């Protein structure tokens, strides 16, 4: 069961109203790397976790993330507090109010017009938060790695917000929130590596003939080698089709009935490769005889284009 | 630039039509842990990556994931090939066709009715693929960890599909795809750890007084200790408000005009704590005098309920 | 700041594994009327609320909804606990496991294959939770009404789940959760009506000539009268265009430049009403001369169709 | 069946092209509180409603909301009419056109580049309209409350738009649309209260021992009392776990096979609380010996930090 | 199987950093008419296509679209390359960095703060890419038409971007990408019309009495005639209900049990048309006696309003 | 302005309750090819259309599609009418009700539990309707093609539903709805081709050297030729990089400051290709010495695997 104390985990001090900055802060409130995503991620894992140690850790951190959601949401609310009342009470002229909500160079107009200045569960561009942001799949060797990565991402987004914030109180609180991501990442790392073995995750081993192969799928200038595609870990191989030694072509066995009806459908829907049909595009070429069609002499056009290419670049007709 | 060879990277052999199994396979085609998500993840990172080694690795693996998308999509297409034609040609009765699409105990009806048996970019429940599944943020210390986690998740989902698949050819191809996730995870691990330091990610250090603290936010039975909340890495502390030493209460400085209009809004919208208003709910209690309201004697009700609780459990009136 | 106690607000007792029932329960975990939506709704309102009474009430109820999210999520986890391990350990045959996840007649396969049996933030059909479910707009006269409605909806969905649940422990816990929605609705009602006036919400009055008019937009059999469209509250009027007394046709004043370029675009894109062009559809009618086109004699066809209608209904050719 | 008259229900007069204002107006076209949501809400309820009075009212209002969708969409179209042609015909330079679509301080560039100046079913930030905005659940005691709340929200968003609009013709039409929400709310209120009883919604009564209890889940400064948590309606209680009198701990009965395989999974996936593993984070600390790990002396750091806190606030290193 | 060459299909030359322009380019990277949508559209059709000619064409074009995705994504990356490092390294002041990300008059702040300057799979407003953009349904007569339309849309969006771009290298590359859409449209047209017949799509004929009827559903000023509603193709008819000759009223046969329980539900939920209930709105009118209710004399108000209408238009009180 | 007649455009007669069939019908109510999408598509185009003929046609067809939405929604409501009341009144046992909602082999449980048997704006799998389904972009040469394609798709989905429906009244109404799509497609075709020229859409011509080129991007078995890649329309060319004659490598000119900070970021984030770091995966291999790492001898493993491949296929260990 949750309980709440109306004091924050970290004190929020805001120097002045700033709806533009408020809007950027939404990134860590309702954005994909934000605190709601973090809290939901750990809380849902907690519910299904059987290991006592991980279970306790997950709910400790989930509860702290909820408390961080409150801190970042409070920052948004404080930064918006002045502008919120201005739009609600409308004591200024329409032109001034319009300028107020549009003059921040970002999407803060959505926060004002639609959400009335309240912290909304969107990112800084107004994209609604979605549970698609949460990648928990119910296996600790995968989920702990997902948590480690999530903390790393949240740390970086906080760092960017800190770099963009001149208000000292907001900067200070963001610094705390960023720091806790570092701490949480370390907890998840300890939990992962105290479960042995944890690689490869799951129970099934890989096919040994492909577990340590690196396929060079992209050729040409820029090919590089490093520990990620080199011995002793990897056998480096050029890309090839049908690495299983088969034909590389799909097969399916169908019943006689299925095969027959498939054939029937194929016949009904066949394109005739030997036709040269009049098309809708030809009908739409305007004025030209739709039954005749001269190929644009592409080779000639190409030569001509090449010779005049530098001149033409950027011209109105492309 | 991409090029394509019409042979698959791994040969697909399907024993018989099986639209129900086809539908499950969509999880790795258009699901959150599937191959499209993987390919898009690495490809978009590639485009913005400046480090030559990582850049090459990312496009190698992105290209292979596209080739895996083709393999898993081909499995779906082969498993659906028979049923697809049956619905299109409608040689069977309505009742038989209806049974065909509804008899698989999962959401395969969507694949048949809406997508005509083609592989659709949805998961096995019909949820449309969304770029919200991709968590790249443009920092390699975060993105490589995200990639490691993504490979771990994909490995597990393939393992589950393998456990559910009796068709030997499908099982074999799934085994290949699962194996490659193990290999790719190892490449991303090598790339991460050959970048030093990579922890904490980013450039800003944390606040040292909070970097190695573990807050015990959840109390009571089940509290556990382990390396994730213990020395030498962590100082274990009980939860407390205002860890910064402040009041824990938010503050904002507003201009005089903002403060005045805020006060005006607050007055207009104040709730009167000393009133006892008639409410809409009271009006809707049906027959009762809406101006009178007797509290359900909750304490008495509770005692009575407690005494009869075991009997009542599960009864129709809850 | 939030804190957590590892005991639940209400004890969850589950009689037996039941993944099908678990899946239905997701409706109140990650569905639109579920507990996450409720908690987020009140918590975000709390952050921006200035009225001390409402602020306290909102966080009290938000915290309780989080605790309910834990109860319903725990029910899901317990109902899935057996099947989760079966798929992870794969001690049964593929055929048995496949039957296990597909045999529940609902979308529980998604929960098993994708989420590994953990409670996922989706509804019972696998639709991902979205912040689009939360309709808070930052005005208490609107938000309290939204909260009242949300509690009413949640009460009904719980009632449906109770009607579908034979497990007595699950039924008992659902009964508690349903009951709390009734209580919360009453709190929101009291808060709304202790703010006076609260209707119409906001500050601007309506145009008096349209505030109490009911337009009869749908004619014909089934027209009904009741207090919702009758005196003394309403003037009942037949639908009419341009109720403002104007032309009902839109106008815009453009600059000379805008008008000229608009005219230019219109000319470029004009359809010729006097033409009878050959179309793509005509080209695709197969074998017919695409330059000739005989209208299907629709009137004759209609008569013929009418005479044979009862016979034809339901026939294969529609 | 619907029919249409090409005159509007209310005449739209726009003074000048204004793509920025056009974009804000989208909030009530394709936004969550907009007219499409309203029309769909009442229309879908109508289809399933059996009560003749409500049925007629729902389709009357749905039809009027469709007519309002036309009014607000026409406003958008008129405000964009000039800029739309400018981009299509490209008679101005690239720089001027770029400035045109980017100079409005809100997201109007999406409307221009993607939608070509036509009214799109998005909100003012470009978020696509989703049926997740519609909360109908097929019970009139819930749906009528949802409708009442929806009308209240729409009224407020129109009020905000009116406050932001200086164009007199647009302001006038918005005033009409806002007024009709007031009227519709009154109709839904009459319909709700003419159904008795309507509270609690549905058929099942609550558990009497919890129906009128208020749990004080949030403690500390700011606790407030009011009619929403006070007698005569409510018994005020402090939060407690396991209010049912049980243990507050979840239980599930599993078959012997399920229990055994659960135990097997738990053993395979157990974290060792007594280990102190080397972790990935430690490997990434750069240069440090990954097998040694000195705890940052968090307590000392904390003291030091506290003493220098006011100075450090806002500094570049956080 | 896919392979990759690290050279682009078309050379990208960018004159200077321009994050605002970068953001607009996202429209064709992760927007609905962009290259990912195109590639996924043709690739998924390829997987299920049996006709050898169409199958080859689909994968040729899908592979080219992937290569175009790389070109447009590279343009985004180059335009963002400078600003990306500035935010990551934070060598400038907070104020300068804030101005940098907010000064472009569009949603580029999302690209910078959330995605770190990398090409993200969103449109230019930050809306996440969704598979809902892909409309393939597994029938070639429908899918080829969808492809033709998709190419036409992509051509137009490229044209708009070209009109907005002053950078000659970017404009040149956009010109290439736009041109290829023209070419691809022609291929899909040829493929459609070489399948005969292709209209109407599918196998079932329409009901002949309605196949060539045009219903005039919208009356009044602006009614127009043209080849789309005129002989020889169409019979022009005024709208009418129940064109089948029936009652136009729905019927369902229910079992006796269903009918009885339906009647029971209807009785429980009936609204009383003869009541005049006190409503929540009346309770909220503030100070007024909630049991009395005087109708606003709407007709009188209307007259008064009409007389003062021109004066009032645009005034603060609406 | 819209008006409504409470009779349907086509009479709906349903033989018996059938919630499973009801659920399939949602595909054309709230699915991507359904009637809401159609109505919204044409209605939004209407609002921005200036051409008088197209404008009238668009609103005629939009209004008819709304009337079709009513027909298909009524079918859903009738098919669900019995089951809806059963769940609301709960006169049957929990087990019977559970079986009722789960026994249809598709996702009908969502319709019952969440939407109470009412027609919901989802597809048959519960996916919420989204405006992402609408592809209008404000250019008639593109939008008319999109409309043609949309009608073709809707025709096919109706055909599939007809093939699955045994209820004669439902089948008859579906036949009408399908037929109207054929008619509407013809209208849009006439409108497109009466606008000349309409190909290529838009105003800018393509680059002539690439307008009629077909690149053969996919090689190998299955290469096919047809009118879509052949003279006289197309020049057939093998895929090549940098078709512009450049290097195929991206370039950007940055300011000195940008270049310097980019270099700084690159140095900070460089991976060392000559290292062979210990990785997290190595730490997780369980028991093995994490500082040693023997490559799995992939070549040897491959040979061994090949020799035993047929035996191993389908075995538990993959």
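Worth pointing out:
First chain written, first letter: the chains are A, B, C, D, E and F, and each begins at residue 1.
As a convention for this text, contacts are C-beta pairs under 8 Å (C-beta built on N, C-alpha and C of every residue); 3 or more make two chains touch, one makes a residue touch a chain.
Please read all numbers here as calculations on a predicted model, not as lab measurements.
Residues touching across the chain B and chain E pair largely coincide in numbering: over half of the numbers involved belong to both copies.
By residue number, more than half of the contact pairs of B-D reappear in one of the listed pairs A-E, A-F or B-F, namely A-F.
Ranked by distance of CA centroids from chain D, the top chain is F.
Taking the CA centroid of chain C as reference, the farthest chain centroid is that of A. Distance from the chain D centre to the chain F centre is 25 Å, each centre being the mean of its Cα atoms.
The distance from the centre of chain C to the centre of chain E, each centre being the mean of the chain's C-alpha atoms, comes to 20 Å. Chain geometry summary: the mean Cα position of chain A and that of chain B are 12 Å apart.
Residue numbers of chain D whose C-beta contacts span two or more other chains: 1-9, 32-33, 50, 53, 56, 59-60, 63, 67, 74, 77, 84, 88-90, 104-105, 107, 114, 116, 122, 125-128, 130, 132, 137, 139, 141, 148, 156-157, 162, 166, 169, 171-172, 175, 178-179, 185-186, 190-194, 196, 199, 203-204, 206-207, 210-213, 217-218, 220-227, 233-234, 239, 241, 244, 248-249, 262, 265, 268, 271-273, 275-283, 318. The touch graph of these protein chains is complete, with an edge between every pair of chains. Across the interface of their complex, chain B is touched by residues 20-21, 24, 27, 31-33, 90, 104-107, 123-127, 130, 156-157, 160-161, 163-166, 171, 217-223, 239, 241, 248, 262, 265-266, 268-273, 275-282, 313-314, 318 of chain F. The touching residues of chain A, when paired with chain F in their complex, are 141, 192-193, 196-199, 204-213, 220-221, 224-227, 230-235, 241, 244-245, 249, 271-277, 280-287, 293-296, 298-299, 301-302, 304-306, 309, 317-318. Interface residues of chain B facing chain F in the complex, by the touch rule stated above, are 1-7, 50-51, 53-54, 87-88, 90, 93-95, 97-98, 101-105, 107, 109-110, 112-114, 116, 122, 125-128, 139-141, 148, 162, 166-169, 171-172, 174-175, 178-179, 185-186, 189-196, 203, 316. Interface residues of chain D facing chain C in the complex, by the touch rule stated above, are 5, 7-17, 32-33, 52-53, 55-57, 59-61, 63-64, 67, 74, 77-79, 81-86, 88-89, 91, 130, 132-133, 135, 137, 139, 141-142, 145-146, 148-150, 152-153, 155-157, 159, 162, 169, 172, 175-176, 178-180, 182-183, 185-188, 190-191, 194, 199-204, 206-207, 210-218, 222-229, 233-234, 239, 241-244, 246-255, 258-259, 261-262, 264-265, 268. Within the complex formed with chain F, the residues of chain D that make contact are 1-9, 30, 36, 40, 43-45, 47-48, 50, 56, 59-60, 62-63, 66-67, 69-70, 73-74, 76-77, 80, 84, 88-90, 114-122, 128-132, 134, 136-139, 203, 277-280, 283, 290.
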